[in-house]
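First chain written, first letter: the chains are A, B, C, D, E and F, and each begins at residue 1.
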């Protein structure tokens, strides 16, 4: 028996906004929700924790406000094993937050109200991107959200991708943050400048970026930009395209509490298992379990499973 | 940008008892439920709010007690946009209440314990029926519940139907309020005296009233009494009979929290969309969405959708 | 027995921002609070409801976002009897919100985190001030908060005060919204331009505005600006200065849950009782009961008492 | 070590209505309370459990409805050790219930809304009074509430007192059940017919019954009717008059959650300790601890202490 | 109308450990669960209450600690109608408890963390087995859990089975309490010594005991040991083997909250209905309803249905 | 603006058991508490977090089980900034837990039920005491609890104190863990072997150890063993004895939710401020604020204040 220690094998660095999530305790329109439950969220933070849960290391480059919610984010992520040494406390702006409305007006879907305009997180800028930190990483990851939240945040992604040897990107288009046109323009611009090892996307985003919704056609269009393309299909599972091959892994039917963060669970788990040496197919099968468990609870990070937990799931559940 | 305003097109007036609902926080027999959640309910109040949500106007003729629950009802309904000018505060009796037991002994069904005998609501009487108020309405609506709660309440319905140009009636038989025989006798008597534009019913009620459970046969039996007959089929959807035509609209499979009030959601939404100029088929399709959303939460009125919300649902859900 | 009706005698119009309040369910630093309870708040909305509870009428000039929280505010206030016809839905900005941290680091005190910068409420502007609406009011009221949230909101206050025959103002300085210097300059400017019938303030604000913390000296300094000055003293009660007279009414020692909104409760109740014809001393005695009840719960408006409730309190409690 | 067994020394039989209590989770007017907590209550049931907690036996003569709340009452009381063999299930009426509003409009006081008119409990009648059961009791107890709820319930008290060798009575006047005049007339009539061993009352009730509020004068007026008179003084403690002596025991200042049931806690504990052989003064000192603990929680019976618990309290608390 | 009375026809005596269950309020890994809900559980106590709900009598032989949880267990079970006269309070050890983790890592499954090592319950010993109590029983029942918790507890089962005329046993293997090898050895030893009237088991346990997972083969292997064998199949229902016959009754698809205790619900209900004179097939059909309702809530005993409740379920639900 | 970083000045190492605390949501006997709230606790862990909150560093030597509660403890403490590198995961035993009963039977006091016998924490042993880790610390601290939980844990304290240059000890006698005699013997033995810089104790413990309850006499008796003696006086404050001087700092009257952990808050804050260079008197004044805030919430660590928070408290509160 030795002292408790997190033994990391590979390091991921993500750039993005950490958010405090206020999830509705009851489904229905928020005007009639009386109680809200606080969680730590933000796509890149979710990726980080999912990555760590498979036994690898992750650090995040981000800013939070000098307020209770900012310290909340840091303490929680440090607790989860995230390297928080590159989170800046920005005293000029508040920590970004959002509210989740669940199952209304569309059952099994969630909607968000953001209070992140002008947030500390959106003040992320190239000066926050420490070259040594980036160089220490095997993989650098960001998402369309970081491109959208501010010009300086976008520039931070450019700087990080410039410095990075290996890159991952999740399109994650949020139409509350920018228009479809802007999203398309900015994402294609980034893709054309930096070749990716991993591109994670879904049907809705693909329709915006390449005007296609058939996964195979999308993958063809995007194959120049990335080595491995993961196409998320929601409850139906996901497809991975790589080396000219295609592998479809189906989803599981479970009771949906809140779908927020399911894509990040899938992406972060897949990346981490890939670096743990899993076959791509197996990594995807496992990653789908992570997103499946994720939709069963409120909160984006609390149900992120370890590799061992995923294996217990797989032993018991039949597709 | 102009000041906030409810622009009503058509006015409905309903007569009935407004109730305070105590819904169990956890499913199972009430003896083991420790916490109860308060809501405003009552079939005719539910109809009213559903009607308003589609952009029309509604007023209710009712009595509540001079107590916290009575003021609760008025403040909530006024908040929802209901014309509360014809609710009387009756200092001689308490506001009626009920408790809901959910998923026991029959999963996905709810049962009620009423404390409404001698309630203020049951003291509704013809003197409360203001001729001008009735005449201001395009449509006057009541239900079998109002016929059952007291003789004076029944007489109030008669007076209102006498004064009304157009009438709607939901059979809503509650066997805790009267026997099947009484229900049959009283409802048929009312139907035979006042021709309805709308008759809303379901299989169980039909069996009592006309001794039939086949929707087509029921509609045939009832066709003399009403122009448009809506036959609710629970989770299976509903059928509308009109102009010798029949249209069946199927239901949606969703997670049931509490079915109480689903029929009112369907009825009130259907009536309002009809007056908004929707085709009858489309009105029914939309109304089913309202009842579907309704069963997903506790509370009868909180999930009543606007026309826009229904359209978002329809875009996303596949039958 | 007649139909339920709010019989208003005098009308108050207030201008300000309606906020959604997220109160912590448990005391302590917000980072460790897991659950938040939603309420409708905002100083001028609080004044409005307190005013109505004594049997007078109140309307509010404000903007909310085209979002669930905006509709929440309107429905709640309409339910409470507020004239909401002059609330605008502004689709360009979100409804302002805030979080309350209770009893930490100072027991029995509350602290707030605002998310109201750029909010719909801060977009209040002179164009929203309807001359007829102002003219229909016996009294027009606003607070230092409205001066602070934006230039257009400040201008709206100026326009309203220009049109108003009688004015009331609560200094309500929030140092999270502006500096002490700005507050002093802007409030003195307003006071010098429009003579007030009522000026409501407290020791901390007075120190900023006139550099004094002795109530008598403050009242002397401010006596040129207003006919009646109410000096709030927190748990110690309040003093009113008028006609060269001074009346001190002591507070009550009760269990403090959240002090937010206590000053508005006192102010709104005092104004309304004054117009109901109460002696000034008695109006203050009663108003202190309103603020006392207010601190015993979370939420700014739920415990606002009617005149009758205040009298029940006074019969039972000993100073 | 032997099997668990309740070793009863003396038996009390009470007659009255068992109620289900819905206590508000938050203080303030009930219209704004969203959640209610269920408890078993009713003055005579409270007496019973308090009596048992000191190691004596108690049975209750009562009726409950054939509904979940009725079975709830029986199962809870049986769990607490009450002899429930003389509770009748009356299928013709519902179990009586009530709601508690706390700290509004008077801090530290509670108010009730009853739904007990026509309840199963009020149908208690002389036929329910089993002679053998009464004869098995060392003491028979009832309260002013049972006299007030119905004529048959009052007659049941008469029959039980007629059969009883030793009697106890708590005046417990509830002005929501009868007028002060009726209360006075009926209670004096009972007192004049049956001499009591114990009369438990308070200042408010005394004022109604004998027109006096000075405890000494009251005790003088009532001394013909009872051997031992306990005068409850609320938070100030209580006085006992016996054998021409007077003993005052002061109360404790604690945080009040809900005062409902505190008098029953005092009365039931006092009676039981008396029969356990305690000196009257000591029995009163202990009984005050029971009522003190009782006001610190919601629920009338959950905090009723054992003799040992009272002794732990006394060792730690200073008057 | 007569006094309320439990009319028992047949008596069951069970031996085992009563536990306090702390069920997680939210699904997911326990480290992220903030709130826990307390219930009374323990397989043999569950059997007891299920048995009683069908109108028969049950007593339990067990030990609990001299602590709040021990008294909690006794009061609850007495409330439910259990004969608690043979529960001993053991002051030398605490009442056993456990925590339930739900839906993680396997959806619809539950996992437990026990704190029962050295518990009062595990100190059950032959001296607790009162010969007269056993002889008063029509049937004596225990489970593999009681064999596993301690040597003295196992010896108590032996003593009880020796004294019993008719025996029932549920294999209930918990691999957190003993190894598969031990379980196999001990259970087979018991079976070989005492012939059973009822043996209740499931596929997983059968695989351990007889190395088979095909129900028919299992039943063949076990047929020497027991007259009637019930093979539980989880959500798929159950099979009963008797008199060389086999009857399969399918399960119902319902929303799973917590499966803990479902097997006990099935077993206890089946045994009781058998003794109530039901046909074996019908007893199994009904018993499956009990286990179905059981999985819909947290808590092992709160949803145990009466025969009448089962019949309401069957009238409404289609297999 | 630089990256977020905890800048530690001085390092404390503590040895002891980390516990998971289940605090009752409502006051009263645990049998009637339905919901429990989970927190991380344990005296030495509390000291650690209090120490860190003043800007110094702390590591803990401890064992937790290989279970959800063990990981819970590690993640939480890491989140709070604790050096968790010397916590061992012991797969042979569960993480220790305890339940808190509040305000019963003594108002404002708390009682505990432990499930820590044989826990992973109690398996702490000298082999866990890493010499380098101890040598890296400015101060090494433990408590009477660690001496009491097991022989190996006690030996671990001896080893650590042997290696340490500077030592602190809190007597913290828990009579549920050992007898007064054992406590006295073991604590005096430790004190006689290792001279302390800091000895923290209270009246009850002193009575056991030196048979005195007068603080001055106690300090005289203990002055040979320690340089600085802190005598905690509960709500009355504390006294510090040093250099032949005595300083008394009074407490604050606040609303008590749960006193558990208040002493640790005082001790840990005092030690840290001492090393931060505060005058001893001032350090004690500040430390009392920490314990005051601590009793206002459930949970031992959530309300531990920073130096800045303490200063805000002191500015506002009057002794």
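Just so it is clear, a residue touches a chain if its C-beta (ideal position, glycine included) is under 8 Å from a C-beta of that chain, and two chains touch if they have at least 3 such contacts.
Remember, it's a predicted structure, so these values are computed and weren't measured experimentally.
Here the chain-to-chain distance from subunit C to subunit F, counted in touching steps, is 1.
In whole angstrom, the spacing between the mean C-alpha positions of subunit D and subunit F is 45. Centres computed as Cα averages put subunit A at a distance of 40 Å from subunit F.
Residue positions of subunit B touching 2 or more other chains: 29, 34, 75, 255. Taken together, the chains touch in the following pairs: A-B, A-C, A-E, A-F, B-C, B-D, B-E, C-D, C-F, D-E, D-F, E-F. Across the complex, subunit B meets subunit C through its residues 1-5, 64, 74-76, 78-81, 84-91, 128, 130.
On subunit A, the positions that touch subunit C within their shared complex are 22, 25, 29-31, 33-38, 67-69, 71-72, 75, 94, 97, 101, 113, 115, 117-118.
Contacts from subunit A toward subunit B in the complex involve residues 26-29, 32, 103-107, 109, 255. On the subunit E side of its complex with subunit B, the touching residues are 252, 254-255, 257, 292-293, 296-299, 302-303, 305, 309-310, 312-313, 316-317.
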